[in-house]
Amino acid sequence: MGLTLAQLASHLGCEFDGDASCLISGVATLVDATSGDLSFLVSSKYRADLAATQASVVVMADQNRRAYAGNVLIAKDPYLTYARAAQLFYPERRHEGGVHPAAVVDPTAQIDAAAWVDALCVIGPEVVVGANAQIGAGCILDRDITIGRDCRLLANVTIHGHASLGERCVIQPGVVIGSDGFGYANDQGKWVKIPQVGGVILGDDVEVGANTTIDRGALSDTIIGNGVILDNQVQIAHNVHIGEQTAIAGCTGVAGSTHIGKRCAIGGHVGIVGHLTIADGVHVSAKTFVSQSIDKAGFYSSGTPIELNARWRKNFVRMKQLDEMARRIKTLEKMVHKLSNDV
Amino acid sequence: MGLTLAQLASHLGCEFDGDASCLISGVATLVDATSGDLSFLVSSKYRADLAATQASVVVMADQNRRAYAGNVLIAKDPYLTYARAAQLFYPERRHEGGVHPAAVVDPTAQIDAAAWVDALCVIGPEVVVGANAQIGAGCILDRDITIGRDCRLLANVTIHGHASLGERCVIQPGVVIGSDGFGYANDQGKWVKIPQVGGVILGDDVEVGANTTIDRGALSDTIIGNGVILDNQVQIAHNVHIGEQTAIAGCTGVAGSTHIGKRCAIGGHVGIVGHLTIADGVHVSAKTFVSQSIDKAGFYSSGTPIELNARWRKNFVRMKQLDEMARRIKTLEKMVHKLSNDV
Amino acid sequence: MGLTLAQLASHLGCEFDGDASCLISGVATLVDATSGDLSFLVSSKYRADLAATQASVVVMADQNRRAYAGNVLIAKDPYLTYARAAQLFYPERRHEGGVHPAAVVDPTAQIDAAAWVDALCVIGPEVVVGANAQIGAGCILDRDITIGRDCRLLANVTIHGHASLGERCVIQPGVVIGSDGFGYANDQGKWVKIPQVGGVILGDDVEVGANTTIDRGALSDTIIGNGVILDNQVQIAHNVHIGEQTAIAGCTGVAGSTHIGKRCAIGGHVGIVGHLTIADGVHVSAKTFVSQSIDKAGFYSSGTPIELNARWRKNFVRMKQLDEMARRIKTLEKMVHKLSNDV
């Protein structure tokens, strides 16, 4: 698909500067762009790339337009405008409605005529698949699952636990939704499984990254709010609630019954213990250990700095002596103050 | 299924207090329970919920019974009794014996007549599936795999590496058992793969969470003891041994050849390095780095506290100065003692 | 397959000492070896096992040969020689060329006549599978994917995103290659998905562990160099570059656009933030948080020591006081120096 610069500016609601009839048909980085590509400048550290770019148009903020002689789209938020342009040039591939002959569909499943079920899917009893939903190859929807309209399950997604997905959710390959939570009682040293009978509810516009897992609730439901985005290999335990538009980066784990607020941004490889409450608007940096509830928006961190191993070993040993060091400082302070008075 | 309170008490081996004929047919939290539900009180912090609950009966310890006017089941361990009650009301769904016509089964596989193999499974040569085992949709059992009686593989489980599962194991979706261990020699800067020819042995009553991976041994076997419970996204490397009834929470990784004792409880996001020995009865808190063997039962931890990022940055910088700080304290101590003597 | 000791020595390019006609047909540890097995001594801590081994031949360095009366293969690097011997005795199982009747193959896919596509695979449009490649059961190759000759995809592997694999790659079960990267712009508090249109390029001889995920690039490609080995549950984000022969252990995550050099060794459970550059030859110990670029080869670490929880709690509290402690030490130093001058 190609658009003239003038058409594109109109679609994106931007001003432009340059050749209105210039044809744009794709998106690329400043470095990789060739004729026909739109590119974007989001940080001044890419100014050198700007000078050399072959892009047909560059999206940038108003204050940068004088730095560039080529065609320009002016945007308040160039990154957002680039996202909108990319959505225009690379629309999601959608298959027309139907069921692949090599899918296995239970007669009680209700598949909308405009939904697509690809090869080697298993669609179990009482599953409901909404209009225009795309169920990719190898997906398994166990039983009593609801998939909202316009959802896309890419491939090899497994859904159990009476899960319900809202509209327009995107589920990457290898995701498991509705697996049993890690719930056991102990009987004289032996684990006794607690049946996990709650469900999983995903709101609208939820995106779930590859090989991420979301457990069903033990009794009540695990709840993922509208617009939540989860990266790859995230683990969401039973009865977790995640508020609207919260983002969680890769390899992060959230233990059972923790409630995370709206519009939070949780970095990668973060561990959040169970039964906590995290307020709206909390940002947590990568690899932090969230060991307590956070009742106020803000940016939080934990962790130790990377060093050459030889130096780290010396500091590492001292971490076990911190309490003792603090006591010795206190003793020194007392002695020195006494000495100061004596002298 | 419904039971009277008297029948339920008899099944669970509990005393009860209240209306013997009251019908119970499900389990719910104190807050969500409605008529017909059993609920439970495990911590005094839920006393407020107890007052308002609509549950038909509440399981609680003897010392709490006077706090509640409704029907009561008296239990030494209310959580365990709740687990047993939930097992009663929510028995596992089991399919009658047979093989789905859309499964692919090698003629040399031995599937017990009372086992169920669901759609789009691949059962390879010399695989043995025991009585009443349930192989969910999309599972792949490569070759020479043994699945004990009453096992349940939920869906999309992949088993390679001559693995053997005991009886009553439960394997959640996306699990990989018997993948190659991470074993390579180095030849002048190039990695040379070491064939992984050991197996994996899971005992009886092992539970494995969604997308968890368990590698086959390099030469001898990877061994998971009876009653071990592994949460989601746990990684067990080659030749690891895990003792009976040990529990490992989500996202934890255990490196090669480490032996973990019996009845250990390892938190989530823990990293355990290779070739260690962990004693029986060791508890490790979430996100701990287990960098050395542990020869004695106890509760172990590592990690740093979460803080506002601005404060953390200040302390973070100091972590690189710990050894220097310790030396400066020592120097000060010498000087101060000398001064004290001099004055 | 059996070889005489003389034949084996010739194959491996080693000297031997002992019975030239002794038959060897397998590999085992010193402890488990029985007659017919080759074993190996790589560390002096296994000397006790050497004395008792039933192995028919032991690979060892020249300086150890006098310690053992049995048959010996002399190797500069006994571990490497063991790897080569194991490859000899346990060649990879390869299926003859063809497509299983229960695979679903698009008519535009090009499968080499000498490649094997197993049951319940889905091979999409314009996929190319090279000679002798082995596509295991349940693999899904979406569209426009290239699999080089001699690659092995074990089972349940999902490949999207126009990925291209070089020759002889080994992909363990549950791996996802070419999933969408975690790319979103924010529009007044709502996430807007950025279409991920880059690809993934794996070089030759790349090995990818079970349930590892590798995202496609946002615009340009994610690139994994020749001979890279990735363990289980590793997460590689969009636009990461990994240099040749680098090894990454289990559960490690690499955030977007980070470039890792050649011949690096990254431990397990390491978190590497985005947009960093890591030099060639960098080693990072397990569970380290790589929060900044590393411009020089060396061994790097971060993290805190494991302790009994009761002691750890005391030190843990002090970590929040480090900056204050450092300031108090400085104040003490000033006071003590003043006192020393005064006395």
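To keep things simple, chains are lettered A, B and C as they appear, and every chain counts its residues starting from 1.
Convention: contacts are C-beta pairs under 8 Å (C-beta built on N, C-alpha and C of every residue); 3 or more make two chains touch, one makes a residue touch a chain.
Here the structure is a predicted model, which means the values were calculated and not measured.
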item	value
Interface numbering overlap (same over half, different under half) for chain A and chain C	different
Cα-superposition angle relating the copies chain B and chain A, to nearest 5°	120
Distance between the centres, which are taken as Cα means, of chain C and chain A, whole angstrom	25
Multi-chain contact residues (two or more partners), chain C	120, 138, 156, 174, 211, 233, 251, 269, 303-305, 307, 317, 319, 321-322, 325, 329, 332, 336, 339, 343
Residues of chain A defined as touching chain C within the complex	27-29, 32, 77, 79-80, 82-84, 86-87, 89-90, 92, 100, 102, 118-120, 136-138, 154-156, 170, 172-174, 205, 207, 209-211, 227, 229, 231-233, 245, 247, 249-251, 263, 268-269, 286-287, 303-310, 312-313, 316-317, 319-323, 325-326, 329, 332-333, 336, 339-340, 343
Contact set on chain B toward chain C in their complex	104, 120, 122, 124, 138, 140, 142, 156, 158, 160, 174, 176, 179-180, 182, 184-187, 189-195, 197, 211, 213, 215, 219-220, 233, 235, 237, 251, 253, 255, 269, 271, 273, 283-285, 288-292, 294, 298-305, 307, 311, 314-315, 317-319, 321-322, 325, 328-329, 332, 335-336, 339, 342-343
